[in-house]
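Here subunit A shows up in two complexes: once beside subunit B, once beside subunit C.
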Partner chain A sequence: MNSPSARPRRLETVPALLLLAPFLAAFLLFFLIPAVQTLYLSLTDSSLTRTSAFVGLANYVTLVNDPSFWASLGNTFYFSLLTVVPLTVLGLVMALLVDRFTRAGPWLQGAFFLPFVLPISVMTLIADWMLQPSAGIVNHLLGMQRAWFADVHWAMPMVAIGTIWWTVGFNMLMFLAGLRNIPRELYEAAALDGARGFALFRYITWPQLKPVAWTAFVLQLIASLKIFGQTYIMTTGGPFNTTRVTLHYMYETAFTQSDAGYAAAVAMAFVLIVVALSLTQGWVARRLGRQA
Partner chain B sequence: MIRRRHLPAALLVACALPALTLPRTALAMDANAPAVQTVRMWTLLSGGDGARMRELVERFNASQQGVRVESTTLKWGEPFYTKLITATVVGAGPDLATIHLSRLPNLAGGGVLRPIGPAELAAAGLAGADFLPRQWAKSQHGGATYAVPLDQHPLVLYYNKKLAGQAGLLDGAGRLKPIEGIDALTEAFRKIKASTGKPGMTMESAQSSYAIWRLWLSMLAQQGLPVVADGRFAYGPAGAATLARVAGWFQAGYATPGMDYPASTSQFMGGNAGFMINGVWEVPELVRGQAQGTLGFEYGIVPLPRMYRDASTWADSHGFALPANNDNPMDPAKVRAVLAFVAFVSKHSLGWAEGGHIPAYRPVAESAAFLALQPNAQYAAAARNVVYDPDGWYMGAAGPLEAIASKFLPAPLSGQLTPEDALRRFETEAVRLLRKRAPLY
Partner chain C sequence: MSAAPQRRYAGIGWTVVAAVCALVLAALWVAPLLWALSTALRPEYETISPVFRFLPQDWTVAAFAKVLGAGNVPRWLFNSALVALLVTIITMAVSLMAAYAFSQMRFRGRDLLFMLAMLAFLLPFEALLVPLFRMMNQLGLINSYAGIVLPQVVSPVAIYVFRQFFDTIPQDFREAAVLDGASPLRVLWSVYLPMSGNIVWAMAIVTFIGAWNNFLWPFIIVTSGDMMTIPLGLTQTYDAFGVRYAQLMAAALLGAFPVALAYIVFQRRVTHGFLAATGLKG
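Take a look at the complex of A and B:
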């Protein structure tokens, strides 16, 4: 029993390792080693280019007492609050629409997905033009001259709206794949039992789609927490840092202020927070799953 | 960003270095006869300044056979300096760079620049005494010369003669009557608004604008107050009071709030504002507009008026510096080639002065041709009263402190924050810089 199965397995080890090698090399070189290096940097007083002076946890002590860090974290959470749920719900609604209309479906799918293929520079340019104070279409329609990105109350919501428009297509694709995996027989059986309309969604679609929804939700949370490009380009973190998110603060600390040690501490703290949030969400998801 | 950028960049550079440097040194050795020295220059000069520098490079390249300067223009501000610093520490920096002298403490102190010896300068026909003392002093660090100064560019007050005339602000010869004191300046703005209906003054005031830093620093200096002294904020209550005076112009409707740099300059160029507070670098646009007949009015320029005790005025200077490239040091022949170009530009800096700048090279700055140059002659007196950013590694053009100031100081102008609140937030954010020791690169 043992020998026939062991021989092919050993034979497979070498090719398997060879096939894995490119990924492993890239993973080590571009992820694991830099991550360990960042951890080490965070314990030093390094400048942008020179690693120096081990300072223990001093950077983390500074971090805990740094109002700018906490403010940037608050801005990051605010952005996530504005985007995570809308992006998940809208993705679902769009997927349902595409699935529902057999003839217009592909067209809708294309229209919903199109913004997602734009590079961030193009997306921010479009948003800039639409929200331009004097010539933008948004102000034209509303009959006002508001400088949206310079407005303390509106800057972040506008970045959020732009982001939703830009990335919702991806969530729609995920939900659509989930929808198409639901066996048709379930709907037929439910229809025989007299279920129609919302009842079908409530008792067939939603329970079947729940794992996809949670995945979309977690991925979206992580993506939203990682926001940098949109605010960096559209608002440069302004007005007066009210849209400066954590990664932007890290960037400024490292590159404008040449303080790589402290920036690495910001990075490590942020990773911990994101990981903690993702784990919490997974835990909540499992609890809810058990209840259902 | 660190995680993603730091190591891959270092690795790439490490791999690329031998590949790049070996053939080049080999080439230089082969061709020790009539070799052409190539000088790679990085500049942050764009717009009119960029065009003028390109012209000087072309004239230099045409003037001789031995040296060829290749100039690359990079994005002004923080991106330029970040690139210069990171490239230089791995030995991949250029042979020559234009910098702001206000950044010298940061760059020279951090080990990014290579000192230029007196003998090297002398070989190129240059000496410290050839340069105006103020700019020369700004090129020194720790007893060594780290830059060859090129110019000085102060803040000035531009005025529209048509609007100022309607407001009764001109004398019989069509020149601005002297304005003395902050109240008189405010009154001049009010008169323009009252008699023409157009804004009395314009300056950039959108988020991330630098004009208010320059003006605020000038106004504080006029009261004998530095922004920072001995590692502390030293302006006291005058900081907020001064900011409130500027904010007052916007709140009274003498100026349009929230304009970014291009919007504010085109407001003045379009004849829609009586005065403009800006650096001399906008001079070429006005000269060109007038020459082409596209400027719908006559303009004049005066030094920033005395608003408080004296007429102190913010200024900065450009200079040429040699990146250290410690892993890849420059051979003496290359140094001679680089300084030959620097000497050429110094001696031909009258062309540079047409960009509004005051040349740093004395034989040009004191020449009859420059003293007669218009409109520069109108504001030449400003040079006597200039103040630079205080020395400090975090100071200077697009440096860490200015970057923070550009976020908070514009807010009171648009009424988003009170001056006190803006300065409190500015200090909260900036105090970490003041406490930190200067970085080594």
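Take a look at the complex of A and C:
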């Protein structure tokens, strides 16, 4: 764009730094220092309130051999498996529907997106009430008395369904923006060539939408890996730790067992996974963008 | 934007399938909130009555009155409103100033500093919880508004979006004002801000919704009942009300109301803001 301008200008270091000062202070205190500290803490034996001896990579050695950590990672990936593809596909379907009906479109969009702006605990309270064993509406409609969140097989899928209801609106919005960026002429040209219905989706919409779909998919994967609140509130990790996810394990390690050093190592492992995925996303999105 | 060019080329069969899908999905997405409302408008005994009814038999707002009249819900709503407003105002001020400097001013290390700031995009906030809590503990900010608000004001998204917008404003505006002797803050306030109304509003509303809904950080930093925000407080309601479903649903709907209203009133700006944050729309 137009900065720096064509004409040579004086450096404005002092006024610029003054404007940046509030941000830089907050950034330093609440991002950069804690980020470095997470790394540092992971190499120590610190508790939640006290910083103590440097122990090298001991926490990481423990981590690799810690079945609870691997189980929590497994639960996290199981939740991701249950949510990422449904949330991406359903987001696309909803966007296509919103885009298709001119009159009803805005109403559909409102209905699909509204849950996304609600606090997590509104979703969990409603889900808990709907799935209540004896008086819940779901059991009533199915004619059973199942305690969904106490059931090893059903707890995680129910958390996943609640999450899908709560967050799919955001994916719909991304797809909708992608859909509306597709030039109309492409459809007109294809229609002239005799393409109809599904063929238009397959040969025009989908190829054009692929970069958005990929972005939505990876953003969703990252969001799903970060699951904590839903399981913590709805199941507190139970039954038998089958819904205890990685961030929950980190939280327990730090705040219940006061083992900040080990919790920081768990955090570092988690960061590694998320950052690797974020970088992949940017790389693949650029490649897809070039193709399209 | 006009919708669906492909609509005109689709057969009637597809249209029927699409209409049925749309109806079913919309019903499924609205039903939980309607069911919560239907529950909240009952007397307590009716919620666990063995006779199942979709609608209340004796309509009443007793549950809402009870929740608003006693217990912590009014306090939690107040805390949330205060926290969300403070986070929004501070984030906007801090990010606008930083974005202006990054976009319009010349200084050494500008691009390096900007890239460093964008690192905050990459690292999940969750990874910072332990050191942040330790720091807040040392500063004595546990259970304080400052402790809840301050870590939420670092917003790489807002800075990125504002900088992109400022980049599109012709530099002539700024140079004219600078020649008149206006300070950078003055130029930002009276030249750039009036031109950025849409994007600032969009980001402000999205920031407000995010801060109102933030669960994780208040969950870490708040332990006392009267400092909780509503998303956190609502998880404590079993202790507060016991298992009283009409009151629980009334409390949930009260917690949902401000953000739902913000979304319904500012629908365009909310969608704009969320899309700007994903980089899909400027």
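By definition in this document, the second predicted complex is superposed on the first by the 248 of 292 C-alpha atoms of A that agree within 3 Å, B and C clash if a C-alpha of one lies under 4 Å from a C-alpha of the other, contacts with A are read in each partner's own complex, and residues count from 1 in each chain.
The working rule: contacts are C-beta pairs under 8 Å (C-beta built on N, C-alpha and C of every residue); 3 or more make two chains touch, one makes a residue touch a chain.
Only a predicted model underlies this, so the values are computations on that prediction, with no experimental measurement involved.
Novice: Quick one: is A:Y60 in contact with subunit B, with subunit C, with both, or with neither? Answer first, second, both or neither.
Specialist: neither
Novice: By residue count, is subunit A touched more by subunit B or by subunit C?
Specialist: It is C that touches the greater number of subunit A residues.
Novice: For A:L41 in the superposed arrangement: first (subunit B), second (subunit C), both or neither?
Specialist: Both partners.
Novice: Check whether A:N241 is in contact with subunit B, with subunit C, with both or with neither, and answer first, second, both or neither.
Specialist: first
Novice: Touch test for A:I33: subunit B only (first), subunit C only (second), both, or neither?
Specialist: A:I33 sits against subunit B and subunit C alike.
Novice: Could you tell me if A:Q257 is touching subunit B, subunit C, both of them or neither one (first, second, both, neither)?
Specialist: First partner only.
Novice: Determine, under the contact definition given at the top, whether A:Y203 touches first (subunit B), second (subunit C), both, or neither.
Specialist: Neither subunit B nor subunit C is touched by A:Y203.
Novice: According to the stated criteria, A:S68 is in contact with first (subunit B), second (subunit C), both, or neither; which is it?
Specialist: first
Novice: Based on the superposed arrangement, let me know which partner A:F77 touches: subunit B (first), subunit C (second), both, or neither?
Specialist: In the superposition, A:F77 touches no partner, neither subunit B nor subunit C.
Novice: Quick check for you: in the superposed arrangement, does A:L108 touch first (subunit B), second (subunit C), both or neither?
Specialist: second
Novice: Of all the subunit A residues, which ones make contact with subunit B and with subunit C?
Specialist: Residues common to the subunit A contacts of subunit C and of subunit B are 29-30, 33-35, 37-38, 41, 48-49, 228, 247, 250-251, 254-255, 260, 263-264, 267, listed in rising order.
Novice: What residues of subunit B sit close enough to touch subunit A in their complex?
Specialist: Per the stated touch rule, the residues are 1-4, 6-8, 11, 78, 82, 85-86, 89-90, 110, 206-208, 258, 394, 400, 403, 407-408, 411, 414, 416-417, 422, 425, 428-429, 432-433, 436, 439-441.
Novice: If you look only at subunit A, which of its residues touch subunit C in the complex?
Specialist: For this pair, the touching residues of subunit A are 1-5, 9-13, 15-20, 22-24, 26-27, 29-35, 37-38, 41, 48-49, 93-94, 96-97, 99-102, 104-108, 110-115, 117-122, 124-127, 129-130, 132, 134-135, 137, 140, 165, 170, 173-174, 177-178, 180, 184, 187-188, 191, 195-198, 200-201, 204-205, 212, 215, 219, 222, 226, 228-229, 233, 247, 250-251, 254-255, 260, 263-264, 267-268, 270-271, 274-275, 278.
Novice: Taking the complex as given, what residues does subunit A use to touch subunit B?
Specialist: 29-30, 33-35, 37-38, 41, 47-50, 52, 62, 66-68, 133, 147, 150, 152, 228, 235-241, 247, 250-252, 254-260, 263-264, 267
Novice: Any idea which subunit C residues touch subunit A in the complex?
Specialist: 1-11, 13-15, 18-19, 21-22, 25-26, 28-30, 32-33, 35-36, 39, 47-49, 52, 93-95, 97-98, 100-108, 110, 113, 116-117, 119-124, 126-135, 137, 150-151, 153-154, 159, 167-168, 170-171, 175, 183-185, 188, 209, 212-213, 215-216, 219-220, 230-232, 234-235, 237, 245, 248-249, 251-253, 255-256, 259-260, 262-264, 267, 270-271, 274-275, 278, 280-281
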